[in-house]
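Below are two complexes that have chain A in common, paired first with chain B and then with chain C.
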Partner chain A sequence: MEFATSSDPIVNLAFWTGIAVIFIIIFMVLYVIFLRYMLIREERRRKLFLDVWRPILIRSLESIPDVLPPVKKKDWPVLFNLWNHFHESLRGSAKDNLNEIARKAGMLPVAGSLLKKRKVKSRLAAITTLGLLREKTVWEEIKNSSVDEHPSVSLAAMRALIRIDEERAMPFIIPLISARTDWPPARVANILHEASPHVICVALADAILHSPEPHIPLLIRYFETIACDSSTVVLRQAIEKFPNAAVISACLHAFKSPDALDIVRKNLTHAAWHVRVQAVRALGRMGLVYDKYILINMLCDQQWWVRYRAAQALSSLPFISTVDLEKIRDEQADRYAKDILIQVIAEKKMV
Partner chain B sequence: MTAQQDYAKPVVVVVEDDESIGFLLNFMLSREGFEVVMATDGRQAKAVIDEISPPSLVLLDLMLPYADGYELNAHIRAKPEWCDVPVIMLTGRSQERDIVRALEAGVTDYIIKPFQPVELMARVRRHLRVKTAA
Partner chain C sequence: MTLSDIILMSQWFFLLYFIGMNLGYITLNIMSFFTLSRYMQEHGTEEGLSQEYADLQLPISILSPAYNEEATVAGSIRSLLQLNYPEYEIIVINDGSKDKTLEVLIQEFSLAPFPEAYRVRLQTKPVRTIYQSTVYPNLRVIDKENGGKADALNVGINCARYPLFCCIDADSILQRDSLEKVVQPFLEDPTTVASGGTVRIANGCEVSGGFLMERGLPSNPLALFQIVEYMRAFLFGRLGWSPLNALLIISGAFGVFHKEKVISAGGYLTNTIGEDMELVVRLHRHLRQQGVPYRITFVPDPICWTEAPEDLKTLKSQRVRWQRGLAESLAKNIDLLFNRKGGAVGWLAFPFMVIFEWLGPIIEVIGYIFMTVAFAFGMISGQAMVAFLIVAMGLGVLLSVSAFLLEEISFHIYPKPKHILILFLVAVAENFGYRQLNSVWRLMGLYYWTRGKKGHWGEMTRKASCSGIVNLAT
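On to the complex of A and B.
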């Protein structure tokens, strides 16, 4: 150890750096062991809590117990998650019993206080629970959460508002769904499906016809996922009011009824190629025997995507078989039309 | 080893990876007087299918680790002694194409989550009655 007392400053520095590194490593190892210990302890506590409360919640589906065990402060998040999970997995009268046990266990005031916390996880659990309980007293607090910058919190709040009072929620939610570009459209559509079809249809139809033009295509995409009786009428009105390519394209994508065939055929010659793509696809979905010839003509379009979708639309017509397609291919004088049909026939044979 | 030898009660095989839902199904079926054999993933389910003799009914989740519900259903239908066992698929996938695919693959019934416990039990009893009558 003579080098430890060496007068050479470089040797001294290396020695003390080595000592410091050893201490840091020992500290980190101990810290990792401590974290592992805490995790195992937490997991054990969680399991013990679930072993008590899972049977209680399941038995409550048949009858509510008279006495419930007390819940420690640390265990509330576990109970919220378990209760929410059961509530979202079940339907019917089972939910009424779960609501009753939640009120009896005192989840309501705890959820109210969790709503004010800064931790996203706590707020999410509280918003979900209050929504499932259809708790009207916290309407304003949840409404405030629906404009939260965190997308998970705001989406959970939007779902909760729909669950609490869908008719009251619509005038507030519809402008939000077109403004919040950070919300994943699939999740929004999923949440909108929780509302009654007639309520959401009326609200979306009104928004499509009265919102600013840039929001219309997105609103039409949501409208398309809802089964509305008046959808063709609303989409026709939207095209009349906003005759731009993005809106027409979205409407053509949304048309499901043959009532719209005239408007579909009219847009086969639109200047924007993406509109022509949607028009040929719509013709593939609802076209009649005569439309076969229109689609054959579209095989010669200057845009590859239009030719490709026209060939696919042709092959999807219920009265066109692979043999018919091969016959159409052989009759084509245009090289591009022939090529695209060769590709689509090959794809069809692969499936 | 055969299910009939091991269990005095009718046997229901439950394949469910969600611990809480598995617990709920086990509770409901046990109360109805069934012997429940649980599997929490596709690999475990395949081992159960290969080991025990045909149960009265199989309750099958669709999305499972290692092997999904479609693969397990095909495994069940490929075994001659299991091919008549009613299989009820219990899943969160509610799209038309999923339901059609499952029914065409030989699944007896398809129940979408969220489900009604009372309705599920009624369907289980109905399929068992049909099987007994046949």
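On to the complex of A and C.
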């Protein structure tokens, strides 16, 4: 019987694999230690830099110092972040002094060069600073960043464009907000609200009526978050132009004025249950006395959510008391209508 | 074929198996490296959102099944009530606890019976009473007959009012921004159907008011071993598969799902012990077969913390249970394996799981026994034995160290340099007994699986305030 020996290929393979693995482990451990060392060093340097610059920025709210300490290349991103943080937490004329500090410290040319860097954090800091400074000279560069594949970079660029020149930004931004599915809607809404309401209302209304159909529901949701005088008119036109369930649902969700009651009532029998849900909710928001009977009928809908929202809508009508609701409940022959009213009455009593 | 030929072939088989397995994990590691770098660039600088746009965030129903949790349930629910998220409801499902879980909940949260028009969309054991908190409008408690964790979760899904639900163990520790982070993939990609969060070990950390206050390392060696295991499992086991849309496990301790997609897949399976993994594998199978575009994804931020067992008995029971769950999940969805429509999950992740996780314990245990017996009887040389051990253990340490590297470029969970040193020593030490013991427990899990023993709620001896069911299969 022959046993494995060191001359066996298998032992050699195992041995040399093992040795290679040990070397890789040693290298990786050293690299981890190096990274941790660099992190600690970086933190220390950052703290020292902030200890110098934070008081300068605080004092600058009253007066701008004649001489500013020089900034090393590595410290620029820290200064940008600190400056951005200060700028975003201040209101009114205090910002002017900060802008002056930025110019005096030479942040503008540095921001321009940071825009070209690959590092996302550096680009984000630079874009934010240039936006806060309303720097028009870098419009094209920031516009290019607004189509960047990184959502954070593109969103920061969108915000910067709005801050620099909102009217010029709108024709470019509005198509982007419906096309970029990777932009979180709440964040987009947050940014849109930085524009003047009249500018954003006009731009969104135009987009709702002229964008491709699949984009309309999302645009309507943004439109809804901005209090526009012309909203009912625009939403009516949207329903006429795109009479599909998703658009109707979004419009019903957005209607705030009784002027739209005819459309709301018309869609109570829509085939899509989510449209009926939005219709009964809209009736709850702006319904008239007559609508009470419509909502009672909706308590027998085959969809649980329609029944539930209809019961909630009934209870939210200003002229319906808990006693009225209990009376309606007792009059119901349909078991589902009765059950859902029992639940909603219990909810109302708990509030 | 002579005996020496058989021994030689076996040696080659075990050696190549260990190398193949570790090369697979190293590939996942490299993928994780790029994914994590990109993730840190994209998400490392985000600021919080204004609450006034809550309407545009997706509301979530948090489902927290509880069984005999009288000691911890109130604290856990209090911490859930403090989460930073615009719109969410908490549904606690008391799965027929034998202790005073329900009484504690009634008293602590002023619960009152509530006449809810309960919709049965998934068949479950009967619901006894639905309670509504009179203090917290977004808290409901469902008292039901005992039917297991999966059945409790199905009841929660029936009661959930929002389009997304988050399953969470009643004793997991979250961070205030955990929900915001785990729901992010749903906002970034509308085809997302499930998203899992990273679970880390809370032993050794300071927990107060249901939240993690300070990170640290435990002194218990078993807990330390599990910290290294969790790092490996989550930092590249999950993260590596995620960009391929081939993630097969979302921990039951913390995951968010698209409710309608789960209902159309049939909800949680009640006759399996690993209901969390089974659901994810089944979602893959269903959606692949239907040809529906979807994503099942993973959030690398450490957003859920759980207490690891510190005694051998509890740890053994946990690992046996997890291996059974894994075997059941894969066996029940075997159609996905090399399925024509299987994509990366059917052609890469599933076979990988079958070879290295499902059958892994058998090969590992036989490998260790074979090499030891062969060495003891002089059938292989000392050099061959040493070389085998260097490879097997060296690769094990390499994987752990590469997880530390991923940790170092991302979250720096353990702040002190001495933590790195301790964890490195643990990564070496775990190869001398702990890993082998784990393989034996997993083998026992496979044995119980073949016997078809009925599953039950995982029980654990707690020192602090948390635990979790987190399959570590990578």
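Simple rule for what comes next: the second predicted complex is superposed on the first by the 313 of 351 C-alpha atoms of A that agree within 3 Å, B and C clash if a C-alpha of one lies under 4 Å from a C-alpha of the other, contacts with A are read in each partner's own complex, and residues count from 1 in each chain.
The definition used in the following text is that contacts are C-beta pairs under 8 Å (C-beta built on N, C-alpha and C of every residue); 3 or more make two chains touch, one makes a residue touch a chain.
Here the structure is a predicted model, which means the values were calculated and not measured.
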More chain A residues in contact [chain B versus chain C]: C
First, second, both or neither for A:49, with chain B first and chain C second: neither
Contacts of A:255 with chain B and chain C, given as first, second, both or neither: neither
Touched partner set for A:58, first chain B, second chain C, both or neither: first
First, second, both or neither for A:76, with chain B first and chain C second: neither
Touching partner for A:90 - first (chain B), second (chain C), both, neither: first
Contacts of A:120 with chain B and chain C, given as first, second, both or neither: second
List of chain C residues in touch with chain A within their complex: 2-4, 7-8, 11-12, 15, 19, 41-46, 49-50, 53-57, 112, 114-117, 119, 132, 134, 137, 184, 187-190, 378-381, 383-384, 386-388, 390-391, 394-395, 397-398, 401-402, 404-405, 408-409, 412, 417, 420, 424
Chain C-facing residues of chain A, complex: 1-6, 8, 10-11, 13-15, 17-19, 21-22, 24-25, 28-29, 31-33, 35-36, 39-40, 119-121, 124, 150-152, 181-182, 184-187, 189-190, 221, 224-225, 304, 307-308, 336, 339-340, 342-343, 346-347, 350-351
In the complex with chain B, residue positions of chain A that touch it: 54-55, 58-59, 61, 82, 85-86, 88-94
Chain A partner contacts - residues on chain B that touch it in the complex: 18, 20-21, 23-24, 27, 113-119
